[in-house]
Structure formats: C-alpha cells, structure tokens
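First the structure, which I've put down as structure tokens, then a few questions once you've had a look.
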Amino acid sequence: MDTRMKHLYQELIIDHNKNPRNFRVMEEFSHESVGNNPLCGDKMILYLKINDENIIEDISFIGDGCAISKASSSMMTTAIKGKSIAQARALFKDFHDMSTGKLDIAEHPHQLGKLAIFAGVRDLPARVKCATLAWHTLDAALKGEQEITTE
Amino acid sequence: MFATQQDHHFDVASIRKDFPILARQIGDKPLVYLDNAASSQMPVQVMDAFAQYHSGYHSNVHRGVHTLSQEATDAFEKVRFKVQRFIGARSEREIVYTSGATDSINLIAQAYGRTFLEKGDEILISNMEHHANIVPWHMLAKEKNLVIRVIPITDEGTLDMDAFDRMLSKNTKVVAVNHVSNALGTINPIAEISRKAHAVGAITVIDGAQAVPHMNVNVSEADCDFYVFSAHKMMGPTGTGVLYGKIEHLEAMPPYRGGGDMILSVSFDTGITYNEVPQKFEAGTPGIAQVIMMGKAIDYMLDIGRDKIQLYENELLEYATNRMRQIDGIRIIGTAPQKASVLSFVLDGIHPHDIGTILDFHGVAVRSGHHCAQPVMERYGIPATTRASFAFYNTRDEVDALVKAIHEVKEVLG
Amino acid sequence: MFATQQDHHFDVASIRKDFPILARQIGDKPLVYLDNAASSQMPVQVMDAFAQYHSGYHSNVHRGVHTLSQEATDAFEKVRFKVQRFIGARSEREIVYTSGATDSINLIAQAYGRTFLEKGDEILISNMEHHANIVPWHMLAKEKNLVIRVIPITDEGTLDMDAFDRMLSKNTKVVAVNHVSNALGTINPIAEISRKAHAVGAITVIDGAQAVPHMNVNVSEADCDFYVFSAHKMMGPTGTGVLYGKIEHLEAMPPYRGGGDMILSVSFDTGITYNEVPQKFEAGTPGIAQVIMMGKAIDYMLDIGRDKIQLYENELLEYATNRMRQIDGIRIIGTAPQKASVLSFVLDGIHPHDIGTILDFHGVAVRSGHHCAQPVMERYGIPATTRASFAFYNTRDEVDALVKAIHEVKEVLG
Amino acid sequence: MDTRMKHLYQELIIDHNKNPRNFRVMEEFSHESVGNNPLCGDKMILYLKINDENIIEDISFIGDGCAISKASSSMMTTAIKGKSIAQARALFKDFHDMSTGKLDIAEHPHQLGKLAIFAGVRDLPARVKCATLAWHTLDAALKGEQEITTE
C-alpha cells in the first residue's frame, strides 16, 4: 500500500471513523454550534456542557463527513472531555498549527498526543479543512457563535 | 501499457503522445487523468501556437497599422470563422469571444436579461444546472423581481419533459439548460427544448460547456438563441470562451462591458457610439493568444474527427459503466440513456473526499465534490459524488486502473 | 547593432535575448517595436511557464483533491501574494484576478457604482482617460442618472489641479483617473488626488495600466481605493489583469459575475451564499496559466529591478524626446514634466496613418490613431497622433531608426 | 526606398493628396453625405449635383484625412464626374472588390483605369477603409443617406 496513504489512513483514524466516540445528540448542553464545509457538503453539530469552573464536562457531535473529519471530530471529543476551556483552546491552537504546517511536531514540544496522527493532512491542502472542521466548530461554540462555514 | 482493443482505427496511443502531461507520474504511479469535465489537457500543437504567437507576431489587435498588429488581428479574427463552422452558426458575427462559459452566461443575463425581462417574467432552469447557469439568473431575478422555476429531473437524471411542458407558459421568457450535464453526463434534447420554448415566445440559453468537447454541435439546427462554452474543456486554454447568439439578439442587446474596441467614438460633447456586433461585446484587449489557441484546439479535434471522438468516447464510457457496475456497494448517479463522458458515483458508507484522496494516491485524478451543481446533490440526497470524466485520450487500461483503485478504497475504508 | 551607451550597467543587449520576437524582420528590415503601450512583448521565461504548466500540472483550480489540482491551485494562489507585494497592497485578499484593466473597471463600476451611487452623484474623470475609464462610467451614469464631470488638462498635458480642486464637492463620489496616460505619457499625482478626493468623501479609481510596467507603484502609500492593470502591458499574457481594492470596499460590494467558485452554496430551497473576498469576484474557471505567467512576468521585472527599469526608460525617453524635437514640423503632444514611456506626436500636413504605414515599411512599429483616448484628441484639436512607446528592451539605436524613418516620411509626403 | 512603399505612395497619389481636385464646398447640390472613419478620426463631406438624366454633373468634397483617403476621394471625383449613376455604382463595385482583394485586376477586366493605383491597399487591411471611405460615402449619398461610419 502507498506510504502516503498509510500515513494518512492509519488504523486509529479508520477505527474512529467506523466507531466514532461521543457520537450522539446532547439534550442538555450549555454550548452548541453548527460547522459547515460546503465544498465537501459536510456538516456537523457540536454540543458542549461546560460547568461553572469552565470545565468541559461533556461533549458530543453528530453529522456527516469524510473519514478524516469524522475521526478528527471523534478524537477531539475524547481529547478535550474533562479539560478546561483554556486547555481546549491551547489544543486547538496546536492542532491548527500542525495541520496548516506552522508547527513542526517533530521539532517542537506540543500537547497533541494521539492527535498528532493528523499531521499527514499538512501535505494535502484540500483535506486540511476536513481535519480542522471540528476544531473550528469548537472554537465557534466557545465564542458563542451558532454556525460557521469554512472553505 | 495504454493500448486499447476495438478502437475502430482510433489510434489513441499516438494521440496520447501529443499530450506531454499524460506521461507524468503522481508519486510513483503513472497519472490517470479522469478529471476532464473540470478541464481537459492540452496537446503540444496548441501549446506551440502560444510560443509561435509570442515569438513571432504578438501585438494588440484591431488598432494598429503595423505588420505585427495586422498579423495578430488576422489570426485572431480567423478563429471566429472556425468557431462559426465548429458549432454551425450562420455567421461569424454571431460569435463573441468571452473569458469563458461563465462570462458568456453573465453577459446574456446582464445585456439581454436586464434589458428585456420584466417583473414577473419567468426563467426556467433545470435541476441539473452548473452554478454558472444558476447564479447569474438568480442575481438578475433578485434585481428585477423575476421568477426562477426549476425543471425537475427523473431518477435516471433526464429532464422531466412532461413537467417542462406544463411549466411553459406565456410568462416564460428564458429557458436556460445545459446541453450536457457536468454532474450526470445527461445529454439534453436541446432542439426539442428550443422548439417548445419558442412556441410560447421564450428564448433558450444553452450551456454547451460539456457538449462541445464530446459531440457534434449545430446551434442553427437546434435553433437555440444563445449557446456558450469554454475553451479549456476542449483542449484549449483557460480563461477563454465563446458566446454564440442569434444575430438579431446580439444586435438588439446593449453592450455589457464598456471600454476600448467596443465603441466607435467617444466624445464628451457629442456622446458615445457603440461598435457593431460582435465587437460591441468585446471591450478591452482580449485574450489574443488564447483565442488563437482555441482555433488550434478546434483544428486538432477536427483533424481527429468529431464523429470518431464521439464513437470512441461512447465505447469507453460504456466499458467504464459496465466495469463500475460490478463493484459492490456502488451507485452510479446519472444513468440517462443518452450520456457523454461523465461517470458520477457514490460508494456505500465511504465519503467521496476519501475516495478522491485515495484514488490520487494511486495516480488516478478524479473530482470529488458537488461539481458546482449542488442542486443535483440535493436532488439525490447526497453531499457529493466522485466523478470520473473521460476525454478521447483516455483508455480502457485507465478505466481498469480506476476500478482497481476503487477496490483499494474499499479495502481501506469499506 | 542594438548596444547602448551610458547604460548604468543596464545590460539591454542580454535582456533583448530573452525576447525572441525582437529578432524578427519586417520585410527586409529588423523589427523596431515601439508599440509597448498597446501591448508589450513576452520574455521566454514567461513563455516557458506556459509550456511547463500545461505539460506538467494543468488542472482546474480550487475544487479538486487530486495532486494536479493542488499544484495548480498552489501556483495560482501564490501569484496573489506576488501581486500584493508588487503594488504594495496590505493583504493578498485585496487582489482580485480579472481578465484585464477594462474588466476590472467594469467590475468596479457595476459592483461598487451600481450599489453605492445615487441619482445626482458626481463622478470625476479626466480629459486624458482611456476609453476603458470613460465608457463604464458613462454606461453607469446613464442607467443611474449620475453626473460625469471632466477634469480639464493643461496644454502640456497635466491635470489642471486647480480646476480639480474647484470641481470637488460633497457630491463627488468617485474620482477615476489614470496613473499614467497612454496617449500623453503624463504621470498623475495619485496620492494627492486620493487625499483630496477623500477629503470630500469620494473614493478613487486609479487606472494603472500604463504605470505598473514602468515605475514603482504603492497603492497603500498612494491610498487609492481601487487600482487596476493588465498583465499584457507588463511582459505578461493577454486577457489577464488585476483589480486591487481596499478590503473594506471589496467586502461591502456585491458580486459582479455569478457562477462557480464565487459561491459557498447554492440551494433552490435555502438560497445562495457567496464566497469570501476575493473569490466572491472570481466566478468561473479563471485564466490559470495566464495568472501563473503574470507571476513570472513580475519575477522577471523584479529580477531586473524596477528602479533600474525606470531609470533606463527615463533616459531613453529623454534621448528620444530630444532627437524628435529637432525634426522640422513636428509637434510633441504631451510635454508634462513627469512622463513615462510615451512619445506622441503629429507632423505638419502629414496624417498619422500615413506615418504609421511608412514607418512600418521601415520595420518601425508604432501606433497611429486616437489610442482609445478620443477626448485627448479633441482637446488638442487633432484627429489622431502617432505614438512611439518604449519598454526597457528598447535602445537608442531603435530611437535613431525611428527618427530616420520619420525623415523618410517627410521626404515622401512632406 | 522600400518597394512596398513605392507601390502604395506613387506619384499620382501624392499629387492628388497635395492638390486634391474638386476640393470645395458645393452651394447647390442635389445629394450630400458625411463619411466618418472614427478609427482614423477622418471625416469627409461629399456633394453631388445629379441631373434629371441621372448624370453626375458636378461632384466635390471637403474634409480631413490621410494621403490615401484624400487622394482616393480626389481621384474618385475626377473619375465619376460626368458619369451616370449606374456607371458610378459599377465603378464602386470594382473599386471595392479590388481593395478588399475580391477582384484581381491583373486577371480580370475592369473599368478602373487610373484608380487601379490603389490596388496596393489590399495588402494593408488597416488602410482599406482609407481608400474606400470616399466610395462608401458616395454610395450612401446615392442611397439618400446623410451619414455613414466605417470601421
């Protein structure tokens, strides 16, 4: 199999695509936002329950999307559940910088952990938006925005 | 590797040699270019025309008495005659150079539509239009309070002609449909559409962007009022295209863009006089080299023979369709009996963008997305499709490479 | 033969080698190309970019996930950044690709003018505008009942700034002038014009078609609201150009042409959402190869050095002016203290078209006519001029050839 | 001197340019027409006095133009003065065909006489209009049109 392909479609991504975690509607949420990627026709709804100490107590999402965007959404929810807003924002920044090529994770320290698996999209400009849609939607939700559109 | 069987003396191997890009590698795989509906590749004959022009006789057209200017003007104007014959127009004055199909449709919407349509008038478009044949009408309709009505399509992807019949009325002023759908491949019956539109006093605007590269077109026989296309989908350069319009329409329309070449005289005292058709619509310095290359692209296709191209492509499409149908979980979107060049599909549970990316890893260039035809996607209730689209330089081996790569996609993500 | 003295290390002989057309013969005479204001010639470096693109990575931009589409998009978008720096814009989002200066001005007149101007508003243009900066305003003014007022010019061919001051008022909404006049060569004080226009709340539209090839341009320092130019006058391809607009204007403006790429989504149920600036203004498949070549043309000029180009051309213009002045019966039209590249003239009792034809017989390509600036002709009470216009690849020997040929004209017709 | 130049700017043309014949305003005319060539900025006014037998009794012109157009106007007036309308029209056709390359005067019989001197413009598309302006204006005058514009 092509090495570029192996690099992008790793086991973990494929697993999260097939069995996305936190993939459900949330009835009682404190924040909600809709993310659109019209180029792909992708759409997700992200729900957050944030408590008074600014901790993300619960997070979930629903929607349609490619493997990259679904796996990215799923892994994002597992990564930030239980984190503070500040920590979530810091992760967003690292993730964004990694996928747009601004942060070289081999060279610089980062908090991404397993999320580093998405580094491969850096070389696929048309797919960066797939990996970052969930994160942009999170950012919008935290800012209180109802809907965002990326292209 | 790229030989074909059954080719009716269609020597695709030697044709492929004219297209240097086809020898390219993507990673360690040979390029399999199946994105021709987005833009076709260019043969060296057309490329050479560019270098010849700029090394030999480049100059601005129309305005000069010197030799280069005359040579450039000559070459530029001769293409008008070529285009006329290529699409069966009655006069070369009916051929307006534009910067592409999109520009052509905007010209019609603005110069014809804004002038002749009135509040409440209806524009019929179809549910399978490219955004280029939707948005200009939408913008016009908003400005002038016009009504846009959408001709539905059947599950196969053909125009629902019964519905069309019912929608036509004395309020119908424009019927704007494509000749071939870029998302579905459907060939629409433009002669019948024009006949019916004319019967209620409407004009037709035919988007031929996907037709001209693949089949014989005769705008006079089909009796369309306007017909548009782009050079870059027919072996020519980007940023150049054609607006065909019946001479009586072109003459009745005001100009679209203002500038040099489209006027006869400008005076602050006595006013402005516009030039004749078609120059009236060609303000500013045109894409001179591009028009000359478009002429070469026409020559190139005529040298091969349009009938031969059509026959070869039809067989290739049939071969591809049959092979694809055998893939488990595939659904072909667009199964009209009359089709050209395009094979759109979805795979159960696998998103088109993943397909596109994985095919690319195998050297296979297809398009994944809505193909600038979102209403088609809405119609079929899908976010996007993957589209393989063929040109006469494609081969059965390339179809096989596509099919093989799709199997790999299923292995990874299925 | 084409060596220059005094060239400040400006190696024109080796520059000329980059332009294959300069080796051409017209009849049995070497071509002396002095029609650069109409369109400049193209160096091999730019031509090669075309062949490289189409042999290597042509594909439609923006919409594809496959490798070719990414490479093409990348190359296409990188030019935006080059253009931004080339003209000193603040952001690459302020750079809109168009099909030329004419297209750019029409875009402004339609998308800005039709939206923001109202009955009675005044548009100031100058008496030395190219038709491209007159006719679009005229068409708009007719439609919307606007008033066009014309800033007079002095006998030298400079803007009458006192008159301009008096004409400015709270009714002034747009001031549209060229940076350099194609008929006279005058360089206009665009920073001062913008400052004064802004003081009464008007915006400026600067036609830089003749400036960009010859001098440093900084749209942010000059604080113009819009600035337009064409690639084919600056060593690039025909049919391509740029609209610079301040981001706040571009964001406030509705789209101009509708089609693919300029929308985010199209639905017959939920409506149409437009894309962001600058894509909002770039409907349809753009001139991809042309934009990439425009980038190469910018590289080419920057490699030589714009200051050096300006210095060399100024000296050449001065040399030419001095030599021409010595011809009996000649009258130079346009003698502003600040000039670029252009030498327009009339000869007592000899019509410019005869001059043009006879010069052509001597291999000298100049333009004879009104140069799409008829109001300038009216202003000077002449039907036409003969115009020699220079690029950095021209030489003093070529000026001498021009002067010699003019003497022959006088011999034949004087 | 360049042979192409000699071919176009022959003595006769230069003479008619410098001393145009019938170059005057006519006070009492039966037909008048204005010819414009906006590309060149050229303009001419043509006057005709045609009698009851359809004979062009008098003809004159004024205006500005290049050597080719002035000489062509001048030579046209001398050629058709005294001719019938039908003869003038026949000459117009021959002249037009010659200058646009449709009539090869070396091969085919024609009535052009000295007017054949303008055959050289055939190879100069940008100058054809200069040579034919007078003739188009004549044609317009005979049709009763007040003004024509060529480009």
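Per-chain numbering from 1; labels A, B, C and D assigned in written order.
The definition used in the following text is that contacts are C-beta pairs under 8 Å (C-beta built on N, C-alpha and C of every residue); 3 or more make two chains touch, one makes a residue touch a chain.
Since the structure is predicted, the reported quantities are computational estimates derived from the model, not experimental observations.
The set of chains in contact with chain C as well as chain D comprises B.
Set side by side, B-D and A-B show the greater C-beta contact count at A-B. Chain A and chain D, compared by their mean Cα positions, are separated by 79 Å. Centre-to-centre separation between chain B and chain D, using Cα means, comes to 47 Å.
If you average the Cα atoms of chain A and of chain B, the two centres end up 38 Å apart. Chain B and chain C have Cα centroids lying 31 Å from one another. Shared interface positions of chain C, defined as residues touching 2 or more other chains, are 27, 63-65, 69, 265, 353, 357, 369, 374.
Among the residues of chain D, those touching two or more other chains are numbered 38-39, 124, 126-127. Interface note: chains touch in the pairs A-B, A-C, B-C, B-D, C-D. Of all residues in chain D, only 1-2, 4-5, 8-9, 14, 17, 38-43, 64-68, 124, 126-127, 130 touch chain C in the complex they form.
Every residue of chain C that touches chain B in the complex is listed here, in rising order: 20-21, 24, 26-27, 31, 33, 35, 38-39, 41-42, 47, 50-51, 54-60, 63-69, 99-103, 105-106, 109, 127, 130-132, 134-139, 150, 230, 232, 237-240, 255, 257-263, 265-269, 272, 283-290, 353, 356-357, 359-360, 364-369, 371-372, 374-375, 378. On the chain D side of its complex with chain B, the touching residues are 36, 38-39, 124-127, 149, 151. Contact residues on chain C toward chain D in their complex (touch as defined above): 27, 350-354, 357-358, 361-362, 369-370, 374, 377, 382-384, 408, 412-413. Residue ranges of chain C in contact with chain A, taken from their complex: 63-65, 69-70, 73-74, 264-265, 273, 275-276.
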